[in-house]
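Next up: some structures, all given as structure tokens.
The same chain A turns up in both complexes below, where it pairs with chain B and then with chain C.
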Partner chain A sequence: MSIALHLPALQVVIPLVSAPLAVLVRRADAAFLIVTAASWAAFATAIALWLGTGDGATISYAIGNWQPPWGIEYRVDRLSSFVLLIVSGMAAITLPYSRTSIEREIPHEQHYLFYAMFALCLTGLLGITITGDAFNIFVFLEISSLSSYVLIALGRDRRALMASYQYLVMGTIGATFIVIGIGLLYLMTGTLNLADMAGRLAQVGGTRPVLAALAFLTVGISLKLALYPLHQWLANAYTYAPSAVSAFLAATATKVSIYVLIRFYYSVFGESLVFEKLPLPEIMLLLSLAAMFAASAVAIFQHDLKRLFAYSSVAQIGYITLGLSFDSVTGLTASIVHLFNHAVTKGALFLLIGGAVAAVGGATLSRLSGLARVMPLTSFGIVLGGLSLIGVPGTAGFISKWYLILAALEKGQWWLAIAIVASSLLAVAYVWRFVEVAYFREPSADLATRREAPLGLLVPAWILVSTTLYFGLETSVTVGSAANAAAMLLGIGK
Partner chain B sequence: MSIGTHFSYAVTVFLMVAGLFIVIARGNLIKKLVGLAIFQTSVYLLYIVPGKLIGGTAPILDDRFKLYSNPLPHVLILTAIVVGVATLALGLALAVRIREAYDTIEEDDILARDVDDCGADRQGK
Partner chain C sequence: MTGYKLILPALAIPLLGSIGIALCNRHANLREAVTLVTSVLLFICVASLLPAVLAGARPQAQLLEPLPGLPIAFEVEPLGMLFALVASGLWIVNSIYSIGYMRGNKEAHQTRFYVCFALALASVIGIAFAANLITLFLFYEALTLVTYPLVTHHGTAEAKRGGRVYLALLLGTSMLFLLPAIVFTWHVAGTTDFRPGGILPAQLAPATLAVLLALFMFGIGKAALMPFHRWLPAAMVAPTPVSALLHAVAVVKAGVFSAVKIVVYVFGLDQLAGSTDWLIGISGFTIIAASIVALNADNLKRRLAYSTVSQLSYVIMATALLTPLSVMGAAIHLAVHAFGKITLFFAAGAIYTVAHKTEVSQLNGIGRRMPWTMSAFALGALSLIGIPPAAGFLSKWIALSSAMEGVQVFVLAVLIVSTLLNAAYFLPIVHAAFFREPDDANDAHCHGEAPWSMVLALVLTGGMTIALFFFSDSLLQLVKQLVAAS
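Moving on, here comes the complex of A and B:
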């Protein structure tokens, strides 16, 4: 048996094992090396899996050689390998960054625990993505959630504790809704394997428990992915968490939840059930529009840069769910592309803001006035990231908006295309707030003594900024994968 | 379809709603966690009850046993219980830290102090 056959298991096992190892060595440096090496190994594994599914193949792995549908199956297809790539890639970039960034934010004796929690969070997120078993999704979801509550509570500010507590309550309600949904599905089908479940659901299709399961799963997952108006936990959690944690969670946690939603909608329930029996597309459309406009409008009036971009995340998630509500290949492609583009853009922004926080001591806009004089590279990076949020041509954000508008026009809903452009104008407004503060105000005497962020923070952030620009011009990887995945998902549903 | 034949479901739903109500209606952080625990526990019932047949045994292959209960829900819920305990432990640990930092575990008081903190931030202390 060659090692390549076991890649799906290794994808999860490597970060999982690195967490207890990091605790056992009890030294920050050694823990850092172990967890970073594990995240890079996970990234390499994800690339191998992504290449392995290039021709539309599905890799199935029976854990412990218990054959599915009895045993737990790991299942990698075009969509899950793409999400694995996002999650492990973000971890591989955020971890080297965290070494410099947590020096100032977390007491040194807790560093090894930070790395252990980070590894567990990564394990959970990768596990949710790769598993083909419904209950396993819940278990991995809780692994990633519990570790992210701890990571958020590590923030310096006492408000981080309350943010973490609120996220714990909301997250647990969401996860419990998901278990209720899975339980009802299990009652009706007698199986937990997603592929097997999809086949058996055809017989019990429109029955009430199945519709209830769909409703519970939708609400539970929407809580986790911060669909407006279930986003209350998100703003505080992103604002008060340590910088590296904000960046990693903003880039991956909500994205993985969206993946779970897509997986349940298209691979388990099938679009005929989701989009025809219940008014889900209409609800999704309205909530997405509310997110795009309300959350962007709220973002404009924030006084804290991290909180501003947290609300912007809620708005951007609105674009992703908007793509889902179209129920077309183009719409789904737009969603999946934006999953990637927003992960990279928001990751870059939060990493850069982390650099500014490290130098200035806070992310309130009043402290950041004149930032561009003192930290030109950081400020310019934030502006580029902001342009991608707006969707300016040449940035990754443009590609997603382009496909969204195409999907809207395909459905003949030109007013939606106008709404997408109009909500982008709100993004111009909140990005402009930063530009105005950073570029058109004099730095305070205190700020003028500060320097550009250290290279350990700038390099990972700029890798992501350049990724944002690169995928704004060269789209064969992102759009290609997304289109393949969308076609595959809709092919199964029909 | 009466309450009598669906007694276990009625209990499940009552616990579910009661738990969720406590989480939403109570401002005390510990009481919220109690509600959360009740809410999670109701799901254990939702899984366990349909798996049990009256007179059914564990699936032992023997001529004496004809009626089997499904063991899988028990295994699943064992996992869910572990998750529930971990969540409760983490929640309580956070409540302890919150009490150390804010000197209260009433949500209203804490949020009022958060508003003060945000005001202080805005003035750029």
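Moving on, here comes the complex of A and C:
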């Protein structure tokens, strides 16, 4: 038995084990080393799995050798391995960053708990992505949610408690809806294995309980992915969480929820039920447009940079769901590739803002006046990240936008193509608020005494900024995976 | 192989130059030396592509492939060759001028200024040599972004306002219209390569074709077609060398260059036949309307800016006539306007530097104190009006004859009226400078010519407007290849 056969299990087990270990050692340094090593191991595992699915293969792993559909199956295909890559990669970059950033945000004696919670959150997100079992999805969803409530509550600002509580209430409603949906599906099919469920749904598809399950799952998951107008929890959570947590959650949590939605729609219910028999594409199209315009417009008027980019996230999630609503290979490719591109871009932005917050003590725009004079690398990185949000050619954001517009034109919908580019102009407006504040104002006397962020914060952030630029010019990994995954989900070219 | 040996260096030289400039931040003399060396190297590199292109070769190079089937690729064809030559050649002169101007006016952030300039030139080379729409778009947007710090150089509230208009109009038009047009072209043609004769499938409905042309023409905001011209006067808040090289030559020419290139190589002259009447109308309107605004502008730079808006539409109108002769005229005008207009801006900057005068009404008798400057100004003005022996006559002559050829009464009328308007807003300045008494003869603020580097630069460009008239052979040869190919 070679170890390569057990990679799917190791993907989850390694970070899972690192969490109690971090608690047992009780020392910040040791906990940091254990969890960081675990996250890098998880990243390496994800790369290996991604390579293993390169030829369109599906890796199936039976936990405890209990064969599916009775036992829990881990199932890795092109789509899930791509999401695993995003989640573990972001963890591998944010963890080294967090060592420096939490110094100022969290009391030293709680650091080991922070690392333990981070490891659990990572475990949950990876588990949701890799599992092929409906109830297992719910279990991992709860692991990731509960640990992220704790992580958010660790924020220095007392409002972090309120934000965490708000997220807890909304997240629990979402999780409840999801478990009701899964329960109904179990009722109708008698199985929890997703692949098995899909086969059995063919006989009962379109009956009322199945439709109810679809509705519960859609609403529940939409809460978790912050689909407009179910996004209320997101702004506060991102704003008041510790910097490293904002970056990690913004880059991964909503993305994994979108993955779950895609998985249920295409691999369980089937495209024809969701997109042809029900008016779901129309609803999703409208909500996506609302997100793209309303959330961007709200972002323009924010006074806090973290909150501004949080609303921008809601808008960018709108792009992803818009791609889904097209129900075409190009649209789905746009969505999946934007999962990656937006994760990297937003991750970079929140990491950079974290550096500014560490120096300035807050992210309100008035405090950031003249930031470029004092922290040129941080400011310039934020501008580059902003350009990717706008979708300027040469950045990752452009690639997503290209496929979205192409998908709209393929459907013959000119007005949608114009709407997509118009909403990116709103992004120009909110990104340029930062530019004008950072570059055209004089730094305050207090800010003028500060220095550029320490390397421990700058290096991880700039790795992500470079990634954003790299994947704007060379996309064989991102577009290649996304296009393969989209073709596979739609059953084309298999 | 010549492609890789010369095209990629042409892109790399200004990029490396910008790094060199940034490294010499604290040593002003060294920094300016790096700028000059970079600009000379770039010109040599671009010029050594010329023999091959004249011989009919099309050097190519390819970098990356961001999207499947859509590589970042370069191909040097006659029009791009011409544009790159003009821009890189004038960068040398402009660098000489900038040194005098920036030091004379004790401008701040000079390193940032030279770095952005080098980056802007790299973007211009990318636009000029782009082999497909996606490469063109990449460098087109890059040019907007790297010139933004130049427009807002002074960092004042006015500069910030100007910068907002600049970005809103240039990014706005390119994203709202140009990008969808490019994606649509890819969708229907399966390629975005520039090919002689066009790439669009023949069965495209005339209405679709017209919409696509409109998206492209208005999408290229840098061509300053009304009503998207406001960014150009707004950009005048920048230091004068920026207005001179970028907003009289590089950026605006990148606009009309892209427009000509798209008409010739994406649509093809034959396919567009009959669907450009509206474009002739709009560009004609822009020519006349902008000239009238220029006539009433007292601020010298504003007058020059509106004159540019009007002159750019000459290129668009000539292209829209769709005959080989008119396209030739468009290409020649792209070059000759550059030399004339940069001279005028150089003169305006020289006047501002020594006399601190910005309004036309303040220029009485200034020609006696600044004879070289105002003589060069007069040459530039003659060229723009189109009077021989200045080079502007060439393009005007060709445009007129192609209008006569097709009996285009509207075009003919626009050309004649606008020539009169050009004369009406330029000649009074020359007249006042030389033949009016200074308003206050015993001006305490006594001044002579501008610093020598500025005078040298403007005399050079002024002289070139005449030289181009007498030595127009290779220019004509180059543009003949452009229309022969299509």
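Going forward, the second predicted complex is superposed on the first by the 491 of 494 C-alpha atoms of A that agree within 3 Å, B and C clash if a C-alpha of one lies under 4 Å from a C-alpha of the other, contacts with A are read in each partner's own complex, and residues count from 1 in each chain.
Methods note: contacts are C-beta pairs under 8 Å (C-beta built on N, C-alpha and C of every residue); 3 or more make two chains touch, one makes a residue touch a chain.
This one's a predicted model, so the numbers in the text were calculated from it and none came from an experiment.
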Item to complete: With the two complexes superposed on chain A, say which partner A:T364 touches: chain B (first), chain C (second), both, or neither.
Response: first
Worksheet item: Thinking of the overlay built on chain A, is A:H303 touched by chain B (first), by chain C (second), by both, or by neither?
Response: first
Item to complete: Report for A:G52: first if it touches chain B alone, second if chain C alone, otherwise both or neither.
Response: neither
Item to complete: Quick one: classify A:I173 as touching chain B (first), chain C (second), both or neither.
Response: first
Discussion item. Using the superposition on chain A as set up above, list the residues of chain A that contact both chain B and chain C.
Written reply: none
Worksheet item: Can you list the chain C residues touching chain A in their complex?
Response: 64-68, 72, 134, 137-138, 141-142, 145, 152, 155, 160, 164, 167-168, 171-172, 175-176, 179-180, 183-184, 186-187
Item to complete: Using the touch definition up top, name the residues of chain A that touch chain B in the complex.
Response: 135, 138-139, 142, 146, 149-150, 153, 157-159, 161-162, 164-165, 168-169, 172-173, 176, 179-180, 183, 186-187, 192, 303-304, 362, 364, 366-367
Worksheet item: In their complex, what parts of chain A are in touch with chain C?
Response: 387, 390-394, 399, 401-402, 405-406, 409-410, 414, 417-418, 421-422, 424-425, 428, 432, 436, 439-440, 472-476, 479
Item to complete: Within their complex, state which residues of chain B touch chain A.
Response: 16, 20, 23, 29, 32, 36, 39-40, 43, 46-47, 50, 72-73, 76, 79-80, 83, 86-87, 90-91, 94-95, 97-98, 101-102, 110-111, 114, 117-118, 121-124
